[in-house]
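Working notes for the structure below.
So that you can tell them apart, the chains are marked A, B, C and D in the order they are listed, and the count of residues begins at 1 in each.
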Amino acid sequence: MGKNRIEAFSDGVIAIIITIMVLELKVPHGETFQALAPLTPVFLSYALSFVYLGIYWNNHHHMLHTCKKVTGQVLWANLHLLFWLSLVPFTTGWMGENHFSAAPSALYGVILLMASIAYWLLQQSIIVVQGPDSLLKKAIGGDWKGKLSPVLYIAAISVAFWSQWISQGIYVLVALFWLIPDRRIERTLAVKGS
Amino acid sequence: MGKNRIEAFSDGVIAIIITIMVLELKVPHGETFQALAPLTPVFLSYALSFVYLGIYWNNHHHMLHTCKKVTGQVLWANLHLLFWLSLVPFTTGWMGENHFSAAPSALYGVILLMASIAYWLLQQSIIVVQGPDSLLKKAIGGDWKGKLSPVLYIAAISVAFWSQWISQGIYVLVALFWLIPDRRIERTLAVKGS
Amino acid sequence: MGKNRIEAFSDGVIAIIITIMVLELKVPHGETFQALAPLTPVFLSYALSFVYLGIYWNNHHHMLHTCKKVTGQVLWANLHLLFWLSLVPFTTGWMGENHFSAAPSALYGVILLMASIAYWLLQQSIIVVQGPDSLLKKAIGGDWKGKLSPVLYIAAISVAFWSQWISQGIYVLVALFWLIPDRRIERTLAVKGS
Amino acid sequence: MGKNRIEAFSDGVIAIIITIMVLELKVPHGETFQALAPLTPVFLSYALSFVYLGIYWNNHHHMLHTCKKVTGQVLWANLHLLFWLSLVPFTTGWMGENHFSAAPSALYGVILLMASIAYWLLQQSIIVVQGPDSLLKKAIGGDWKGKLSPVLYIAAISVAFWSQWISQGIYVLVALFWLIPDRRIERTLAVKGS
């Protein structure tokens, strides 16, 4: 079984998640710019989650690029990742409507943590399929980003009830260092191709 | 006519069904974790239906993999399956919001039953197209899962008004034995390829 | 420019239209089967529109199959068709919630009429691109279905304020004779291939 | 990395944006045509935005057609464009529900302006990847449409608080001159192919 359909399905789900998230940005009743002001935190949380989903789509893309054979385990590891990503609109909406207060900020971290674990599991299941000469394993190397992110999410969850702004700062920080596309895979593929 | 577009369309519909289901998980008004508590049954019913739709997508995938020619009958058998799957979010939401009470639990079984019948009809229409040497027919063999599931759904529907928890237990059980991907088709394809 | 992306985009839009239509089927507050009763007309109108969109997807599929070259005019004729189809969920919901009353039944016909005109325009624009030996032109032949449908829609619209049930009967009738897949194109392609 | 998946993802997102926009057209409670009257501005704003998203999809299509290599920068420039397009349903709904009043009309222009800047950035990032012999650069030539549009959007935003109808006229005008498909790219490709 090829990987085309798993890519197409994942693209579809991520595209829908990223787009229905905008439905939380409900049309206000007033017709002045002042009527938009209460939407500011909802808009900011939308922008943050848009970036996170963009990062997941981007890295998912590079990861599957190295994957030649899709087994049942890879399929379910992928669905498991999509499950946690599908909860992002809910927690984004809750966080935005409550002005980034403590509990929603902590839950946001929990969902990001679960998604990062699910991503790691998917990565491992692809590496297992590829066997000892796994291209993906070489590509990710020490995988410091993948290892550091869950630690930072746990820190952000722990600190949310003390200061939710430090939590938010951590979420922005993690997004920023993932924004740099995963050149490790690109480089490994390039070396292999030459 | 090839099968690419029927795959793409089915993927799109299933991806949307799986994702709009999460819209039933409405953002609560409170900002504490206590505000999330009433959502627990909605979340659980969402998780169950996510697994069911994942199973359908997964098996649909393997089934179409064996199908070389798509006729009008296959197209409509496929749309018939998608029709019943499209009602899953509705019945999931009804079940979740009513804490798995009797009537919603029974209706959930009815929709699963109709979907399993529609799946069987689609399977038969592909076997007919493939003719006497049908690869799919060989692959499914005795098809005990496909035959047992409707029987268990009927049992769950019947028992819902006596104890909805037994019904739910049956739904979880059926999901569990389908979670094991359909290795029959994988194996038959592998044998044929060797 | 190939036709793959126009197919993918149309599939996406039709898949979403067909699926968001189910959102009109709002989860009732009661937990008994009696609470479902008021949803019956909404469910019936959903089923009717599901069939119509399935027919459009099916025939759109066959039509584009004959199309080798996509021009700007074909692209816009296609978007024009998608525009009218995107209004189907709205008019379906209005019709279902008002128990198939006169004005919603008439509007339903208007949208179907506009979609059938848009389909005809798309068909013509593909025939023009294909030139004098147009495969699609041969395939549709006299195109009695395409010519009869708008006439029947106009009849259904006119009669809606006198008896909405005759209108609904006409909509069901037109759906039924389209349900037979467009074998003309299949046959012409088969003849050409032999 | 090929461009197939970036095309598929963009198609998915644009297809969803174009379709969820119709959800703002809420089913009215009355069952007469009079009940539809208040929806007229919502319908008109929907039609305008449908055309704009159609234009973006169409031109995006032609632009990516010239792009052979997708880098991380192109991916993110594309996501940036999709971010602004994803806000179109919100601002369309706000404009429609407030009868094209001043602030919503201005915000509509701001979103179109941001989208046009994002489109220009995506175009530039593709040209950079293609290097000195960029096919896209030749194809767009002077790019008068791309340069004039932002200027007209700024004019429409400025004038909205004085007369929102002039703003709307400008939005319709810009849509009209983009409706003519981007034949420059088609022509350049044709010349190159001959």
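Assume a residue touches a chain if its C-beta (ideal position, glycine included) is under 8 Å from a C-beta of that chain, and two chains touch if they have at least 3 such contacts.
Not measured: the values here are computed from a predicted model.
One copy, chain B, sits rotated relative to the other, chain C; on C-alpha atoms the angle is 90 degrees to the nearest 5.
Of all chains, the one whose CA centroid is most distant from that of chain B is D. In the contact between chain A and chain D, the residue numbers used by both copies make up under half of all numbers at that interface. The centroid of the Cα atoms in chain A and the matching centroid in chain D are 26 Å apart. Averaging Cα coordinates per chain places chain B and chain D 37 Å apart. Shown for chain B are the residues that touch two or more other chains, namely 8, 12, 16, 20, 23. Across the interface of their complex, chain D is touched by residues 1, 5, 8-9, 12-13, 16-17, 20, 23-24, 71-72, 75-76, 79, 82-83, 86-87, 89-90, 93-94, 97-98, 101-104, 107 of chain C.
Those residues of chain D lying in contact with chain C across their complex are 7-8, 11-12, 14-16, 18-20, 22-23, 25, 27-28, 31-33, 35-36, 47, 50, 54, 57-58, 61-62, 65, 179-181, 183, 186.
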